Every structure is written in structure tokens, then in C-alpha cells.
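Two complexes come next, and they have one chain in common, chain A, joined by chain B in the first and chain C in the second.
Showing the complex of A and B:
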């Protein structure tokens, strides 16, 4: 009886472990494959491995990619700042003022998530040009990318900030803090981890975006647009290196953030 | 007589169909400890928030030291406040928390340091200035909240159920302390609580609030001994309630038919024979004696002892009367050697009862 149940527990644990491994494989196999291939001579069939850094040297030499990287970073930063500011104001106003319409207001914030990138791209382009008379440029691409980014940022902010006690603002005001001072002294120091999370997610979204950026940037290259463009001329080695690097940076960033939080080197938010 | 520190004139505040403050008029003087006592939802916290400027009244005015502050935002009023749950800033150290009001006022660094030392000394917080709030005990957090409320020499201090989250022992201790600070500083404290013991222990004057109105505003002893409304009689102190019909009225004295037992009471103002009346008698105003035993009082009702609840210095006697009703009487615990089921008599004077027209519920 005891032995039987021990076997059952072992089987359950083993089964769960296998399922988890399969899940991770499903999520990461293609990415790991690209990273692995990027270090290989033969890009088409990289088995058995024959390691080289050629792809990375090619990438480092290509000035197109340098310019594109800079543009992508710029686009990501601009869009992420816009998203974070709008999402912070939105989530603060919904949580602080507790209007009876807050459910509807929140849903309207989230609706853009259900519009395809391609549509956001094309309609932003048309609207900006026909109605506003704006040319396609970095500014309009930042704004167009912020459409989805704001929804994601809002989602993160509202989940994190639901725990914020707005009576702290009352306390600050009674003790003489004007509204802006109150935000700076009390609200911001407590909610900044949520803002940072929103910023990082919206940065990555804009940085990696193809369709929206493509329609709004005109001739200005970003990493995704030139990667897509170069696909027409076959799979260049630089593409593998680029994909490996971008994924690598994201992975390393998140690992470091996790470790910092895990060991409380940086405390995200306050502890009660 | 000097000007009142705080004056409310006809303050009214509505939230939808609920009237949280209904034409409240009040003045509080220098050095007065004023308690706003009421059940939850009675509007007492709203009153406090109106005084602090966190709510704007729909009608009426708020005056602090004679100045009309009704339209001023909270940060321009110069009042101190101690919040329920303390509301210390979790990311700031104790010292930074306490000195916050002075920093907001733009006080010099020297003054900040001097006042901080004063506040930490006063509240016995020395050595804790570098801790974070979550590293403090409940009592320490409470004292930090008080220090923050007092540091900038406010015209008055508002306290919103500041002891509600402390355990019983600590609360008893803090009641004495809070009163001590108030006496020492001689500024008015306006203290909101639903706990009558806190109000009775600390305050000079009590306003009993219900449904956004003041039921009674009077020195605490008077509120306790001479309630002016049915609600106050039921809310302050512990009473036996006898509901019956007025059988006869002779001047100031009346007799109440309470389920077959005739009880002598003071005549409630404006009452006539046949009225339904609630008569409240505080537990300690009744005595239990052996049948025929000596005691002062017009009322003497026989009954049987059901149980004694020993409370240390006092004991509550539960007595079942012949009409089936039960009375609770608070006596010194050492008095008599009664046993359960002993026959005895409950005695009290007509003066001890406070009668009001019977409530619906």
C-alpha cells in the first residue's frame, strides 16, 4: 500500500517533469535553434556542429544594421515613454477616482489589443497623412506603436497598482504636499516598479514590431524592417546573428531582473 | 472667552441619497479633547475629512482660528492628522516620515532637526529614526503617526480611529498616552471613534453621532449619565432596556407597565398615558439583594439568579424575573455569596432610568 502510493507519487512527479520539459521545448526550441545555428558555418543544416563567429562579424561590419539598430532603439524608447506615461495616468485615474464607469473605461483602454498590427499600421498611416497631414517618420511611428503598447502597459500598471493605498495621498496632502509634490514624494517611489515593467514590455513591443513601423517609417530602416527586407534575398548569416542577439539580450535582461528581485538586491515596491 | 479653534457652521455633505453630515454646527476650543462617537456609517469620518479638507461640504462653512477654510485644499489648512491604519509612508524611514510635514512647509534644515528631536523624544521613539515602518511594532507605528501629526505645531490634531488596529492591552496604554500628549501640548484633539470606552477615557466632550447628525454634544459625564436621546442611551454605556406602556403619570413620576411588572420611572418629557416607552437603566445603577434586603430605590423586583459572570473587580449578575425578562446587574465581585437559582431582588431608583419614546426596532 505504502510502496504503491510511493510509486504513484514518483510517476506523478516524473510525468509532471516531462510535461514541463515538453512545454519549454515547445516555447523555446525554435529560438534555441536560431541561436545555435548562428554560431555555425552551415546555416542550412548545422549538424554536426562546426562553430564559428562569422555571422557576428558580418553583422558587426554591416552599416545598414547599425543604423537600423539605432533606429529601433530610438523607436522603442520613444514609444515606451509615451506608453508608460499614458498608461500611468490612465490606471491612476481609474483606481484613484473610482468612477462607476471605470470598468468601461478600462475595457476601452484594452480594446486596441484586439486590432491586428497590420491594421493599426495602415490606419495610422492613412490617418496621419490624410487627416493630420503628417509625413511618415520616426515620430508618427512612435505614436502608432504606442497604440498597442499603451494597452499592454495599462494592463501591467493596473494589475500592479491595484494594491496601492490611495489614502497615502490623502495623508501627504493633509501634511502639506500639493498634488504634484505628493505624486513625486509618495506615489512615484511606490509605483515605479510597475512603471518600469510597463516600460520594458512596451519597449520590447515597439523594438520588435514590423508591420506598424513598416507603414509609418517610410524609408527609415529598423531591425525588423531590414530583416524582413533581406529575407527576399535569402537567409543571410547576419539575420541569424541578429535574432540570436536580440533574443539573448531579452533573456539576459529578464534573468538579471529575476535574480535581483529573488535575492532582494533591488526591492521592487515596498514590503508591508 | 477666546475664539474657538475650530468652528463648523451648518456643514452638510451628501453622497448620493446618503446624508453623511446633516447641518452640523460645532465649535471646539483651545486645549479641548473632543470625541466624535458613533457607529460605523454614522458620518464621523466624513466630518473629520471635511475638517481636514479631504472632502468639500455641499453647504456650510469650516473655520479654523476664525479663518474661513471651506474652500482651502488640505495642504493649505495646517492641521495635523493621525489616520486609521497609520498610513505611514512605507518607503520612507521613521525620521523622514515624521519630518515630512515640516519639509512640505519648507522649514529650514535646522528647524527640521530640532523639531524631529522634540517629536522623537516626546513619543519615546529615540533610536528608531532609521527604521522603516514595516520594521516597527504596532504601538511604535502608532507613535510615529502621532509624531508626524504633531511635529509642525498644527492648530488642531484630527485622529481617525487611531487605536482601532491595536490589541486591547496596547490600546489601554495608548489611551492614557494620547491623553497625556494632548494635555501637555494644549491643542485641541478631535478624536473619531466607534469605541465608547476610548471616548469616555480620553475626551473632555463627546458628540454622539448617528445618521450624519449630532444626537448629543456634552461633557462626557453628562453624555453618560444624562443621555438626551434614545440612541445615546443605547449606545453609550451598558444598559438594561425595559419597553412598556405608561400606565400613570403623576408630575415628574410615572409608572411603566413592563410586561406585567410595574416600574417607577421619571416622566419622559411630553409623554402621555398609554405611550410606548423604552426605559434605559445602566447596569451599575441596579443592585441585587436577598429578598427583603436593604437597598435604596423605588423599584424592587423579585427574580432568580441565573448566573454570575465574574469580571475581576466587578461581576455581572444575570437575573430572571417573574415576567420572564432578564436583567443584568453589575456589582462589586466580592459583595455577596449568592448561588445560582437563589431567589433575590433587583433594586433601583426611578431617577436612574432614562425614558424615551419606544424605537421601531
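Showing the complex of A and C:
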């Protein structure tokens, strides 16, 4: 009996581990394909391989793509900063204080999850143009993306901080720390991994968002809107090269994070 | 202290309100405005405040629009269920056995979003399409190509699942992160079989996280407009795709607004129905609070 259940547990563990591996394969196969294609002469028919670095030389020369990349990064950073600040304040207030408004506030923070990107995009386009009289601009796109990212950041932070012991804060306050100092010296050192997670996720969501950004940026190019615009003439080789480079940076970052975790230099909030 | 001290209620509002106002102003007001515009009409790329129900009459009176809506709805239900079944064991594995690499394993699910949706869908085409890696490979070995992944609804379904399944895994994972696995030990000591412990403890206690995951997949799947264009056949146009057209080529914003309102209404209804199944007391996800 005991041996039988141990086998079952091992089979379950192996099976679900296999499912996870297959999921990664599924998620990364198209990306590997894009990277592979970026080194090929023929983008539409990259078989058999005919390797070249043309795409990368073209990318190095193209100021449009540099501008688009910069705009994407700017949009991602601006939106992620907004999301992280708003979500940190919101999630802390809900976890820390008992208030009759808690439920309502939580629902408001989660609202954006229930509205699709496309709807956020077109509704803020019409609101800005018709009600505020604003043409498409970086600020509007940042805000529209941040609204959507806020609830993701909020969810992540609530889930990660649900077990945080707020009595630590109270203790600091009893010993006379001002609220800001208490946050800086007591709360922040513990919750920063949750904030980092929220920041990364909201950055990713805004960085390559097509459906919100497209309707709110006007004529400002970002990576996804350039891709959308170039569809009519076939995707530019530069796009493939850029995607490959971005994924290279991601891979390096992940490797560094892995090493930091492997040798227990930084635990990123994990408690053994 | 010179400054008046705020009570807990005051401090709560001081911290919670800025974000709440931010969301209300930049999400709810735009949604309200498209509800208003959906009762107007458009003439040569301008909205005219001429109150009428024509947009809705057009939507509900034209079979094609209803077909698009039903197609998107069916797709969203199928994708949500597929994600649910696949994501649970995966999320459970990461939460239980991910050890100190859990954050990295989850971030690796989010990292594909660094590559734009259009490139990724092109990549899916490159892998699954008629001249993609899979089918070329099969034909190379003298085998029949797989036909149901070429320009069919199934292909669109796989593509949409590809895009949104990370949301589902993350939501279930975040829920399991706050789940007390000790409870399962207690159940075991008391003689419960693993599957029984799962059905009576793990599943209900994580139902709220699961519902959030389902919503996170359902909402964007229902509105998806890019994937059908690349992976679908001639009869694959989705509601979102046609909605987008109203704001591009045709410039019929009022009709587009009405389509947006309809999409919003259907999505809200689904969310409401799902939310009714959540019991906050049993979910264990209400947040601590002192």
C-alpha cells in the first residue's frame, strides 16, 4: 500500500514535470523559430538554412527601429513605474487596514482585468479624442497600459504579501519611526521581490502591447505597432533580428537570476 | 505632533484612493463614454450626437455579426477549459516542487510576452503552418501532414491558448502560494485518499484563484483579433477582428462602440456568473488584514 502510493506520487510528480517541460517547449518553439529565421536569407521560406547576418546589419542601420525600440522601452518603463507604485499602495492598504471600503477598493483595482486590451484601447482612444480633445500621444498610451497593468501588479502583490506580518510595521511605529521611514527600513526590504515581480510583469505587458498602444500612440512607432504597420509589405527582417536580441537579453537575465538563486546569493523572497 | 493624526480608516483611504481614482478615471470613464457613443452615429469619421438605436439594430439584426460573436464566445470557452485542465498540474508542480526556483519558473512563462504578438503568431505559423516545421518534417519522412492545424478553427484555438495559458498557470500558482499544504497531511493522517483530499480541500480552497485564471484567459480570448487573421481559414473572422475594423478602415466609430459595449456586456455576464460560485469565506484568498 505504502509502496504503491509512493509510486503513484512519483508518477504524478514526473507526469506534471513533463507537462511543464512540454508547456515551455510549446511556448518557446515559435520564439526559437523567429530567432532561427532572423539568421536566414529567406524569411518566408527559411529551409534549408542559408545563414546570413543581413538582418542584424540592416537593424544597426535603421533609425526607425532604434526609435521604435526606445519608445517601447520608454512606454514599458513609464507604465511599469505607475503600476508598481499604485499597486503597492493599494495592496498594502488592503492587507494592512481593516476598513468597510476594503471590498469596494479591491473590486475597483481588479476591474481592468475584466476589460480586454482591445476595449481599453478603443475606449481610451475615443475618450481622449472626443471628450478630452487629445490626439494620440505617449502619455495617453502609458496611462492606458498602466490601467491594465495595475490589476496584474495588484494581484501579484496581494498574493505574495498575504502572509506578511504587519505587526513588524506597528512595532517600528511604536518605536517612533515615521510612516515613510518605516516603509523604507522595515517593509521594503521584505516586500521588494513582490514589487520586482509586479514591475517586471507590468513592464512586459506594456512593452510589447499592440492593442492598447496601437489606438493611443497616434503616429509614434513602437515595436508592435511597426510590426502591425509592416504586415502589408511582409514583416521586416529587422523585426526578427530585434526579437532575437531582446530574447538574448532575457536569456542572459534569467541565467544570472538562476545563478543567484543556485548559489543562494539572492533568494528573491523565497524562504526555505 | 503638529499634523493631525489619521485613524486607520483615514490612512487606508489615503493609500488606497489614488490608485482607485486612477482606475476609475482612465478605465471606467472611457467605458462609459463608448456606451454613450454607441447610441450616436458616425458620419465621415466624426461622431454625431444624434441619439438612436440603429447600431444595436444593425448588430442584432445582422446574422454575420451574431455569428462572429458566437464564434468568439465558443473559442473563448474552449480555450479557457483547455487552459484550466493543462494549467492546474503545471501550477501545482511549480508551487510544490519548484523550490527556490519558483519565481524563475513563473517568469519563464511570462517571458514569451517580450516578443510581440505578431512575431509570435508568425512563429506559430512557421511551426504549424502548411509549410511549417511540423508538416515539412512529416512530409520529409513520407508521412501525411496534419491537416487540422492548417488554417482551421483548431489552429486558431491552439494559437489563442498559446497566448493566454501563462495567465492561467500564474493565477493558479499565486493561489497555491497561499495554500497551506499541511492541510493535505492532516487529511492523509485522517485516512483520506489523495484524490479525495484534492477534491475536498485543494480544489475548493483554490477555486477563487482558478476563477481569476479562467477570467484572465476568457476575457482576452473572447476579444482576440490577431490570431484568427494569421492562423484561421477564410471563415475564421472573430468578433474582435471585425470590431477593430470599425476603428480602422471603415471609421464607423459608433457601430464599433456598440460592438465594444456588446463585448463588454457578454464578458461581464460571464464574470458575474463565475463570481457567484466563489465563496469568499472558503477561498482562503481574502487577504490577511489585522
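Throughout what follows, the second predicted complex is superposed on the first by the 222 of 272 C-alpha atoms of A that agree within 3 Å, B and C clash if a C-alpha of one lies under 4 Å from a C-alpha of the other, contacts with A are read in each partner's own complex, and residues count from 1 in each chain.
One rule holds in what follows: a contact is a pair of C-beta atoms (placed from the backbone, for glycine too) under 8 Å apart; a residue touches a chain by one contact, two chains touch by 3 or more.
From a predicted model like this one, the values you see are computed outputs, not experimental measurements.
**Student:** With the two complexes superposed on chain A, say which partner A:92 touches: chain B (first), chain C (second), both, or neither.
**Tutor:** Second partner only, chain C.
**Student:** For A:167 in the superposed arrangement: first (chain B), second (chain C), both or neither?
**Tutor:** both
**Student:** Is A:190 in contact with chain B, with chain C, with both, or with neither (first, second, both, neither)?
**Tutor:** first
**Student:** Please work out whether A:210 is in contact with chain B alone, chain C alone, both, or neither, and reply first, second, both or neither.
**Tutor:** The answer is second: A:210 touches chain C but not chain B.
**Student:** Once the structures are superposed on A, label A:101 by its partner contacts, choosing first (chain B), second (chain C), both or neither.
**Tutor:** second
**Student:** Check whether chain B or chain C contacts more residues of chain A in the superposed model.
**Tutor:** Comparing touch counts on chain A for chain B and chain C gives C.
**Student:** Return first, second, both or neither, reflecting whether A:24 touches chain B, chain C, both chains, or no partner chain.
**Tutor:** A:24 contacts chain C only, not chain B.
**Student:** Once chain A of both complexes is superposed, is A:177 in touch with chain B (first), chain C (second), both, or neither?
**Tutor:** Once the two structures are laid over each other on A, A:177 reaches chain B alone.
**Student:** Give one of first, second, both or neither to describe whether A:62 is in contact with chain B, with chain C, with both, or with none.
**Tutor:** So A:62 meets neither chain B nor chain C here.
**Student:** So which bits of chain A does chain B touch that chain C touches too?
**Tutor:** Dual-contact residues (chain A): 167, 170, 270, 272.
**Student:** Once bound in the complex, which stretches of chain A touch chain C?
**Tutor:** Touching chain C from chain A are residues 5, 8-9, 13, 15-17, 19-20, 23-24, 26-34, 37, 45-47, 82, 86-87, 89-90, 92-99, 101-102, 105-106, 108-109, 111-120, 122-127, 130-131, 143-144, 146-147, 150-151, 154-156, 158-160, 162-164, 166-167, 170, 193, 197, 200-201, 204-205, 207-208, 210-211, 215, 223-224, 227-228, 231, 235, 239-240, 243, 246-247, 250, 254, 257-258, 261, 264, 267-270, 272.
**Student:** Under the stated contact criterion, what part of chain B meets chain A in this complex?
**Tutor:** 52-54, 73-75, 77-81, 83, 85, 87, 89-91, 100-101, 104-105, 134, 148, 152
**Student:** Which positions of chain C touch chain A when the two form their complex?
**Tutor:** Touch list, chain C to chain A: 8-9, 11-13, 15-16, 18-20, 22-24, 26-31, 33-34, 37, 47, 86, 89-90, 92-94, 97, 99-105, 107-124, 126-127, 131, 133, 136, 162, 165-166, 169, 171, 174-175, 177-178, 194, 212, 215-216, 219-220, 222-223, 225-226, 240, 243-244, 247, 253, 256-257, 260, 263-264, 267-268, 271, 285, 287-290.
**Student:** Once bound in the complex, which stretches of chain A touch chain B?
**Tutor:** 165, 167-168, 170-178, 181, 185-186, 189-190, 270-272
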